[in-house]
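Just so it is clear, A, B, C and D label the chains in written order, and each chain counts residues from 1 on its own.
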Amino acid sequence: METQAVFDMLKGKFGDAVVELQGAGFSPAFVVVAPAAVKEVSRFLKEDPALSFDSLMCLSGVDYKEKFAVAYHLHSLKHRHAIGLKVMLPRENPSLPTVDDVWPAANFQEREAYDLFGIAFEGSKDLRRILLPEDWEGHPLRKDYKYPDFYHGIKV
Amino acid sequence: MEALALSLVNAIPPLAGVPLWTVTLLLMVVVAAVILVFALTFEGVGSLVLRKVAGDIQARIGPNRVGPNGMLQFLADGVKLVLKEDIIPANADRLLFKLAPYFVFVGSFAAFVVVPFGVGLIAADLNIGIYYVMAVTSLVVVGVLLAGWASNNKWALLGGMRAASQIVSYEIPVGMALIPAVLIAGSLSLQDIVRSQGGLLGIFGWNLFHNPFTFFSFFLYFTAAQAETNQTPFDLPEAESELVSGYNVEYSGIRFGLFFLAEFGDMFIVAALATACFLGGWNVPFFNAGTLPWIWGNLLSLGVFLAKAFAMVLIMMWVRWTLPRLRVDQLMRMAWKFLVPLTFVNLLGVSLWLLVFRGKGIPGMIASLFG
Amino acid sequence: MGLKAYLNDIVEAVVTTAKGMRITARYGVNPKEEVTLQYPEERWEIPQGYRGFLHNDIKTCTACNMCVKVCPVDCISLESVRGADKKMVLCSYDINIGRCMYCGLCVEVCPVNSLKHTSGYEMASADRGEMILHFIAEDAAEIKARVARQVAEAAAKAAEAAKAAEASKAAEVPKPADLSAEAAKAGGDDPKAAKAEAPKAAPEKKE
Amino acid sequence: MTTRTDALPTQEMTINMGPQHPSTHGVLRVILTTDGEVVTRAVPDVGYLHRALEKIGERVTYAQYMPFTDRLDYLAAMNCNCAWAWTVEKLAKIEVPERAEYLRVIVCELNRISSHLIAFGSYTADMGAFTPFLYAIREREQVNDLFEMLCGNRLTYNYARVGGVSGDAPPGFLEKTREFLDYFEPKLDEYNNLISYNKIFVHRLANVAVIPAEEAVAYGLTGPNLRGSGVPFDLRKDEPYSVYPKFDFKVCVGTGERGTLGDCFDRYMVRINEMRESVKIVRQAVARIPDGPVRAKVPRLFKPPVGETYFRSECPRGETGIYLISDGSVNPFRLKIRTGSFVTMNIFEKVTRGLMIADVVAVIGSFDIILPEIDR
């Protein structure tokens, strides 16, 4: 199914929660949705027989300097089509509902986004730091991250 | 031993004044030392051969730097093990930790006492030879369990537990698989068992070819014994890729060396028992070594025995470098569902055979057909 | 488990084991299968284009700084000053072999092919400092001072030439006029460069 | 699997497996909670090899990032190199000469063979048979020799470039490749006879850690692990990139031949069969490789257009997807690398429940994870 069609479908179903379609320059195109609606949209994308995006290829946090974003790359093994889903978040206390009950694959990648960007996924079954030590300060992939000089007295 | 001491006293007049028990004791120490030297040499050479065999099988060369063609590698290894720091973990049970290697080593070394190396070459021809071997090698279980427990390491504990359950389980098929040889010889003494396989039939006098059941017995024994000595594919107690190194993970230096030596000692004991019970022991085919002068007869029979035993050891190494490892439940399954019933069936078969054919084997019957 | 499956299990185990053992035995018996290379005595042939240690031929190096810019791990460092003939003169060219990841990007960008991978791959040292390859043995400060001197000399010469030109200009000889004008321009440039470099070189010399 | 009686109260034990453990394939740490030998919970703890490759990506240029992709999955560095090149080319819409694409396919498939060889070898070593491991290493050395001839390095190749490859195949390379294929193909049967169908080996793997197809998809498994569950999805076939559509090959899937579909044995067997398919692809590519340049003109100060792209390619350990955001400058604005092993580890806790310690090792091996790819 074409991205435009998916976007129209989502727009018809969720109305204002679906913000825009990022088409030109984006491959695959992104449907931008409001943070609160991400779970419902995801569930719909997965369960609607015409869409059935059954696999979450990639979940990534992005720091767009003025705001954060979480980008989901979805793929359907059944229909062999792909789409992107993006959620824009404010810089202050970024948080959004988890999708790990929709796609279990999300868990580790959400933990990674939490670890490296500090984006909180509400309702996640296990949201701990994954790559960095539990007591690491800051979230390194943020654009304004300051490199620490010492970690436990060891020069970094 | 006392008889030997008596004859020695008779032969050498100056000894007459010495009490007999001192001579006997001295003799015992000497014999023990000789066996110990043999065991250590075998263990050293065995480790070298093991590595060489591994190299050959794995398309590489193996140790070749120390001495000509790497022949002295085992000495270097030994020196290294002796000189290495002996580490005892802080939270280990120190007494048991130190005790464990000795149990293991003694268990494997003591079995050498009844190994019939030649016509007259046996440290002690006990009338319960096989029984003694089975009993004394069980000491290894205690040592391994102690090592696993005392190390205060969970991997070691798991290894020790695995070893204990494994050795205890496999003791049964090992024993059962050896009994056919005992039945045929009518004696538990290993010398008697070896003698029963002599005669003019050559290699067909061996228990291996006595009847179909003994033939299978040999393989069952070999399989079960591999398991009892923790050889691959049954090396679960020290499964390197699972338990890191199993019960001996915390050992270093000479204490680890003792475990290491015991492993090779066990290997030899298994090979020696297989040789003695199924492969004719020191019997030279078509030739009675007992008729030769004492020294030559013993040397010849010793050579034959060692050749057979080493061939068995080589096969064990070959198996070791071929097969993957079983899982612990599969190991138990194999013992209780396969080896134990099969050895029992075999035992029954051998007993019936002996009953029906009055103790004669197939080669014997064929031979009697031709007169 | 039926008796048939039971016996089947045993047979299968024996057969597959025997199959495997046949293969290992073949390798064990055949000495030709050994593939080990006895390293220090035997060495494999190094193919052309092997990416070993880097080597810079400082005679051809133009100190263009491309390798430094492209290196992803910043293992190359070079210092250069502008010489009397306006070409860059290398003062130091160091490669930290301990940091280099042998990606070959620097060799690829080198415009004069002076930076090359050698076939060397053996290096052991007890000190990290030994891992830094110095391609210029002379002290950087000395080179700088020397170059500064040369530049100053050239500037003086140029100034003299300019003076001479001026003098000749006064004599109104038309032909060398534009020549001297050029020389004057050059002379005007050079002292500036010399001035810029000289103070930099001077404190280092003190050290 | 366990029966517990009240008369004999037992206690669970927590064991730390790794980061230094012979069979965690690197520095994976698993916190095992066991009841005797039975694992009640196995929580993977990753990140011991985190080198912030994504952060580094924001600091270096597109061309400079290439050597870092070598370090992503060092057993399949060629695949990672090419994945990066393909991603940037997709973003900047660069046409790559056909010969370069052929060379990329050749090296990718050779690298797939060498990577699967390690997977096979280390798996058998995990299972206690050390000999096949050395045979696998022996074969892999030959692939490394080929790569050394091609690009000068044996492990971190840095061969692909944005717009092509770093250099044309040296004379004799294609012949040597063919020789290697002729030598290698019969070895696969030998491996099968030696170990794959060995009774003990089959018993260790069959019916262990069964992952049904739907679960595999939901958990985002990719590559051989997904195909082991019987899902015939291969990016080379289903989302063709490069010149893969020109080759004839089969997508290997698990068949459940010795146990249940989706068990460790299926995943293992998929890899063995895939090596055979890779041999097929390389044979075709070597036979048909066209002449011509191997590198498109890409400006030295390469600035791709503003945009976001996601490209995924089939690496030996599953799909390597690169999400690349460009702001039009010389450095990537953000790059996220989705690696097969990382996503696969997600399902680890689920499948290891109720297995034995030895099976945990089998599961790790059957996923063929590699830590630099997980930790990045």
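In this section, contacts are C-beta pairs under 8 Å (C-beta built on N, C-alpha and C of every residue); 3 or more make two chains touch, one makes a residue touch a chain.
What you are looking at is a predicted structure, and each value in this text was computed from that prediction instead of being measured.
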Chain separated most widely from chain D, comparing mean CA positions: B
Central chain of the complex, centres being mean CA coordinates: D
B-C or B-D - the one linked by more C-beta pairs in contact: B-D
Geometric centre distance via CA averages, chain C-chain A, whole Å: 44
Chain B-chain C separation of Cα centroids, rounded to whole Å: 63
Residue list for chain B, restricted to those that touch at least two other chains: 57-60, 321-323
Multi-partner residues of chain C (each touching 2 or more other chains): 9, 17, 20, 23-24, 35
Chain pairs that touch, as defined at the top of this document: A-D, B-C, B-D, C-D
Residues of chain B touching chain C in the complex: 53, 55-61, 64, 318-319, 321-323, 338, 342
Residue ranges of chain D in contact with chain C within the complex: 60, 63-68, 70, 131, 138, 141, 145, 148-149, 151-153, 156, 158, 166-167, 170, 190, 193-195, 197-200, 300
For the chain D and chain B complex, residues of the former touching the latter: 13, 15, 21-23, 37, 124-131, 134-135, 138, 194-195, 198, 200-201, 203-204, 356-359, 361
Complex contacts: residues of chain C adjacent to chain B: 9-10, 17, 20-21, 23-25, 27-29, 31, 33-36, 38
Complex interface listing, chain A residues touching chain D: 22, 25-28, 30, 54-58, 60-63, 71, 73, 77, 80, 84, 103-105, 107-109, 112, 116, 129-133, 140-141
